[in-house]
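Below, subunit A partners subunit B and then partners subunit C, in two separate complexes.
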Partner chain A sequence: MRKGPFVTDFDPGRRRFLGHLGLAGLGAIGAGSLLSACASSASGPSTGDASGAVTIQSNLSSPQAKTAIEKLVESFNKQGKGTASVNTIASETFRTQLPTYLTSANPPDLYTWYAGSVANDYASKGLLLDVSDVWQGLTEYPQSVKTLSTDASGKQVFVPMTNYWWGFFYRKSNFAKWGVQEPKTWTEFLALCETLKGKGVPPIGIGLGDTPWVASAWFDYLNIRVNGAPFHRELLAGKQRFDDPKVKAVFTRWREVLPYFDPKGKAYPFQEATTALLAGKTGMFLIGTFFADAAPKDALGDLDFFRFPIIDPAVPVAEEAPTDGFFASAKTRNATGTKDLLRYFASVEAQEEYVKSSSGIVLPVHPKAKAADSPLVAKGKAMLDSAAELTQFFNRDSTDALQPTADTALTKFIDKPDQIDAILREWQASAEKVFKG
Partner chain B sequence: MIRKLRTGTFHTGMVLLSLLWLGPVLWVILMSVRSFDDIAANGVGSLPHSFTLDTYRQAWTDGGELQALVNSLLVTVPSVLLSLGLAAIAAFALSRYRIPGRRTILLLMLAGNLLPPQILLIPVQKFSELTGLYDTLLALIAVQVGFGLGFYTFVLHGFMRDLPGEIQEAATIDGAGPAQIFARVMLPLTRPALAALGALSFTWIFNDLLWAITVLRTDDRMPVTPALLALQGQFVSSWSVIAAGTVIAAVPTVAVFLRFQRHFISGLAIGAVK
Partner chain C sequence: MTDVSTIAETPRTAKSTVAGTPRRRRRSARLSPLLAAFVLVPFAIESIWVFWPALQGFWFSLTRWDGQTPPEFIGVDNYVELAGDATFRGALVNTVIWLVLFGGLSVVGGFGMALLLQRDRRGVGFYRAALFTPVVFSLVVTALVWRVFYQPDGLADTILRAVGLEQLIRPWLADPQTALYAVILPALWRQIGYVMVLFLAGLKAIDPALHEAARMDGANAWQRLWYVVIPQLKGVNAVVLSVIVIDSLRSFDIVWSLTRGGPYHSSELLSTYMYSAAFQSLRLGYASAIAVVIFVLALAVILGYLVRAFREEA
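This part shows the complex of A and B:
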């Protein structure tokens, strides 16, 4: 059967966050110089009119988020400043095809994507539109967000819209039933784990089958709690080594809690780990707010979270806040319209409208925009506001190419914590390959 | 007695085997009638605690499956007809006439099929841009025809080669030219092979995902497989809606297979015995 691979290529269960590495790798080639050279020769300057509709290539394929962005564009069109249309692509397809979109001769104008090093990566290849003049109007945004949106050469290439947070989520009713409180420090956290284990509940839920990247949240958090955010960023940028004793210290902490992990967590993806948490089969779960989309509606009111416990009080508190937003293609034929649309997305009313109609628990990035009116969201926002530093997530602070090295190393560590020295040496070696590119 | 036992064992075994084959299909159908909250609360693997057909409505309207099915058929039907037609002509010429280098031509066509399609993704995407076909269904049809042609020609060549030469001679004596021989003698005789290949290529092209996402980028031009993929959210997916969408998307291929089943089985045996 010659076409066997075609048929089996559609395998929704496995095409998660970092699904098809083969395709992703291909995308990486696409972004390479080979193709950007090709693309410029592919066809001459396009002859479309500059006042045409701005096309947004969107990866917001979940029904609520899709509706939310479509509504937003509808209200933009009503303002009469220009027209825009949304083009929603399955998020997994989008991830692998994004380099192709950007390097094509006649690319879409605007893209949903991530701030930080990912955007910087594309900017360094000259693929992104300089939106510094949009940022001149965004004076109310905090400096941290502006830094995230700035590329290595100092110009802004990204306009953020929302972010979300990570934390230990749990069911209030279960914590009440077990008679336990939210821990603040690492010692309290260990005591809580011990109590839950004594009651026969696996304390820490996790879901690594098909979604091994979830383990990176543990690495990120332990690293920013033990070594601080600046070291974490340098490590992920290739300026520090993974076999450094400071990194090993992270895993020493991790080993202290490893016995409390749900043993079944290696087998199922995080969506099922969510189900286990809600059914009271695990005590708590370090996860991003997006997991709530996998919860039945009647359980939402019962959810609460606490911040990753403080390990070293001397280290400034940092939190993970992955920031989503937009960047534009450098080849857009309608830069004015694209920038107008970006200005709208950055505004208070657009972000409030988006947050309202997308059911996920997301926070507007504009400091004056009101978040959804729920105690959980208020708590999350307060946590991020009080943080001294923000990081995003492993792949967003480094590259998608580095993520698989983390997945391998962390999964191995959870299986065989004794071999940590060998695992870290191996991690450093594969990371070096990625950085050499 | 022993014969009875043997039949009994055979049937039990076969029933179990069919269940093994049908199990995943039944599972998808069961999943498609469960509500989101049921799956979220009990997991995808549990027995249903709810019954709803709303998932089908969601897949059909919210998921845009109608448009996707139309796109799929707009691509699949012309692709199948065009590639089989061209392949039949090529196979006829290669198998019935002494064309110089015909062996090399055939081997070249086959060699093209041995190339993994993945390494051709970027060239195909760039080429479709150069020709201005990028992001049109025409590009997808061209790609499907191009990639199918070699294999179909090879199969049809093998089939036509084995047809008795006397038939062709008789037609020639009766005054038929090559075009007439092809249309009135060869094509009717090749029908079983064409039907089998037609059913196969329909499924392949209909189920293709890779080429669709390579040459298309607009959501309302996507055929049904990428549209199904688009039912997945970035992190969380409504599995029951995806299952319902899958069931809907499977209907055309199942219908084609049922229709051509007879030809398909007889067609597969072609060339098995000389």
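This part shows the complex of A and C:
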């Protein structure tokens, strides 16, 4: 057989080439172990010096909320007390990257995030700026809000701007067309589901594809309706067990309504579940008011909601009222400017302006600031005002690290309700790992 | 296709210089400063960007660390936990399934396409380009396209309904039975084009005289493929194997953007589990232990092959 000149040439070279390729491969995979190193080293976006602009890392990525915060910063800049700039990040990315931002050597100054347990968790690691002196000026704020903004050591680390509520949203025109009314109790709720199903409409919309955390609203509400808010808080703080029979009782209730869930809801995110609700493809949707950011303006007037039905009248009524606002990095180089900006965000005019330019279905936290003038907002405000207790949301009442354990357990339950005992055992095991660190 | 011939050409010329130069230098017994620089500078860069962080990864795998407070040494506890972690075992099984299906099918598909498209016929350039196009797309864009394809009442469902198979319709990415396979498909769609180009380059490099000689000896097409083409592709096979193993083990983006390893870990790979352990559960020590396992797996597969290849050549 004739050997071409290049065949002989090929062999020694190949060995080297391969050797190199192998090494490159190890490098590529070694990059896997790299990611831990990335988190430990300084890799955050850079910020200005002490006199420079205050950078706000914002997760308000829906178009209206993004415009609202940008406008707010614009008016702050016009006041001449300092300058600020907004950096908007997709909310899912923001959530996973937040610890990295906070621990980087040169972090952004200010962050949109949540009051309560989550803020306390970061504060306990010394990552948050003490803003107690901002709070000295916020005398009109209710004590409940101040408590939410205070960490375990007694100093304030958070400045709230707005909160909102969760409820079963529906289109008034559709409920009228189907001839149904808002239910007050669990029994009425089951009857409503049955009626809608009889009309060929999937009664309960949900969106778990990509946004599996939406299922936690069901868990939170069933738990605070069946076992009450104090038990719920203790459970989420690791003081109760997920395999407790009281938790199983929550899922027994949930099972009663599982057949009424929109089967397509597993596959699409809550934004598409919103579209389905507005198009009349589902009857109602347990969701927070932020969903309206994804809704066309003309549909807003047709929206109404009812409170999560009462299951046990003996349990004091609690509602989910997640409180949004800001905390600052302990490493900020411009603490004065950051606090000035926080004072502005806490003011009546800033909150009214924000409420006006966002979708409007948020409530300002400042008691004197006027909410948007709509019956829907008035109804939401009245519901929260009449609640005996307020909770926030699963991750806000625990930690962001506990949220994935809930996502796994709840989506699995929706798929395989028969395996509930095993699911709760697994949930407890993975929650213990998170609490242990 | 000009780029194919460049791909085939470049390594050859590069290699002959690499192979030629040191032989001549070694006789002079003095290391040229230029050559030393060529070795030491990349080594220094690799040390900072690859070796040191990799070693750090090993150290972190022996600690409990949330990324915020200093790491705390806990010995081999993370590895003990891995051994009893059902999610980890599921991810390991899924990674093996991924390696076999994604790796195997992309080799078979890529080689088949290369055989089909190696001859220069009219319009063959178009087909080659069409098959290579998915490689050019960013994987996240690919994921978006496929998500639209899989969504309820999307293209996949419409097609099934059109051919009367609506009983097969399911939430492809949300059903634990189908999620992993629904993610492998777009990954394959991309990888086949890439592997095809590697094989095309190899096929082009086979001396046509070999084919001619085989034909003269009365070998049929099948025999020519089996006894001439495949043995001649040994060099390319090694490259393809390394690429496939590495690509399988580091597959992450497509899975993450389509399912995030869900629903409830059913499409979890070692890489996605590592990421969620690190950045969602904030257990960086545990995630580092998973990273070490991935590293060891890749090392085992590739070293196994290299040892065999060296033995054959020796």
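Just so it is clear, the second predicted complex is superposed on the first by the 381 of 437 C-alpha atoms of A that agree within 3 Å, B and C clash if a C-alpha of one lies under 4 Å from a C-alpha of the other, contacts with A are read in each partner's own complex, and residues count from 1 in each chain.
Throughout what follows, contacts are C-beta pairs under 8 Å (C-beta built on N, C-alpha and C of every residue); 3 or more make two chains touch, one makes a residue touch a chain.
This structure is a prediction, so every number in the text was calculated from the model and none was measured.
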Ask   = Which holds for A:Leu127: it touches subunit B only (first), subunit C only (second), both, or neither?
value = second
Inquiry  = Output check: A:Thr100 vs subunit B and subunit C. Expected answer is one of first, second, both, neither. What do you get?
reply    = both
Key: Which superposed partner A:Ser91 touches (first subunit B, second subunit C, both, neither)   = first
Request  = Could you look at A:Asp210 and tell me whether it touches subunit B, subunit C, both or neither (first, second, both, neither)?
outcome  = second
Ask   = Regarding the shared-chain residue A:Ala65, is it in contact with subunit B (first), subunit C (second), both, or neither?
value = first
Task = With the two complexes superposed on chain A, say which partner A:Ala295 touches: subunit B (first), subunit C (second), both, or neither.
result = first
Remark   = Dual-contact residues of subunit A (subunit B, subunit C) 2, 6-7, 9-10, 12, 15, 17, 22, 26, 29-30, 35, 38-39, 96-97, 100, 272
Task = Spell out the residues on subunit A that touch subunit B in their complex, using ranges where they run on.
result = 2-3, 5-7, 9-10, 12, 15, 17, 22, 26, 29-30, 35, 38-39, 42-43, 57, 59-63, 65, 87-93, 96-97, 100-101, 104-106, 108, 271-272, 274-275, 278-279, 288, 290-291, 293-299
Message = Show me the residue ranges of subunit B that touch subunit A in the complex, using the header's touch definition.
response = 36-38, 40-44, 58, 62, 113, 117-118, 121-122, 125-126, 129-130, 132, 134, 151, 203-204, 207-210, 213-214, 217-219, 225-226, 228-238, 242
Ask   = In the complex of these two chains, what residues of subunit C are touching subunit A?
value = 11-12, 15-16, 18-19, 46, 50-51, 53-54, 56-58, 60-61, 64-69, 81, 86, 150-153, 171-176, 205, 207, 209-210, 213, 235, 238-239, 242-243, 245-246, 249-250, 260, 262-265, 271, 274-276, 278-284, 287-288, 291-292, 294-295, 298-299, 302-303, 306, 309-310, 313
Request  = Give every residue of subunit A touching subunit C within the complex, in rising order.
outcome  = 1-2, 4, 6-7, 9-19, 21-22, 25-40, 96-97, 99-100, 102-103, 122, 125, 127, 208-210, 212, 263-264, 266-268, 272, 400-401, 403-405, 407-409, 411-412, 415, 426, 433-434, 437
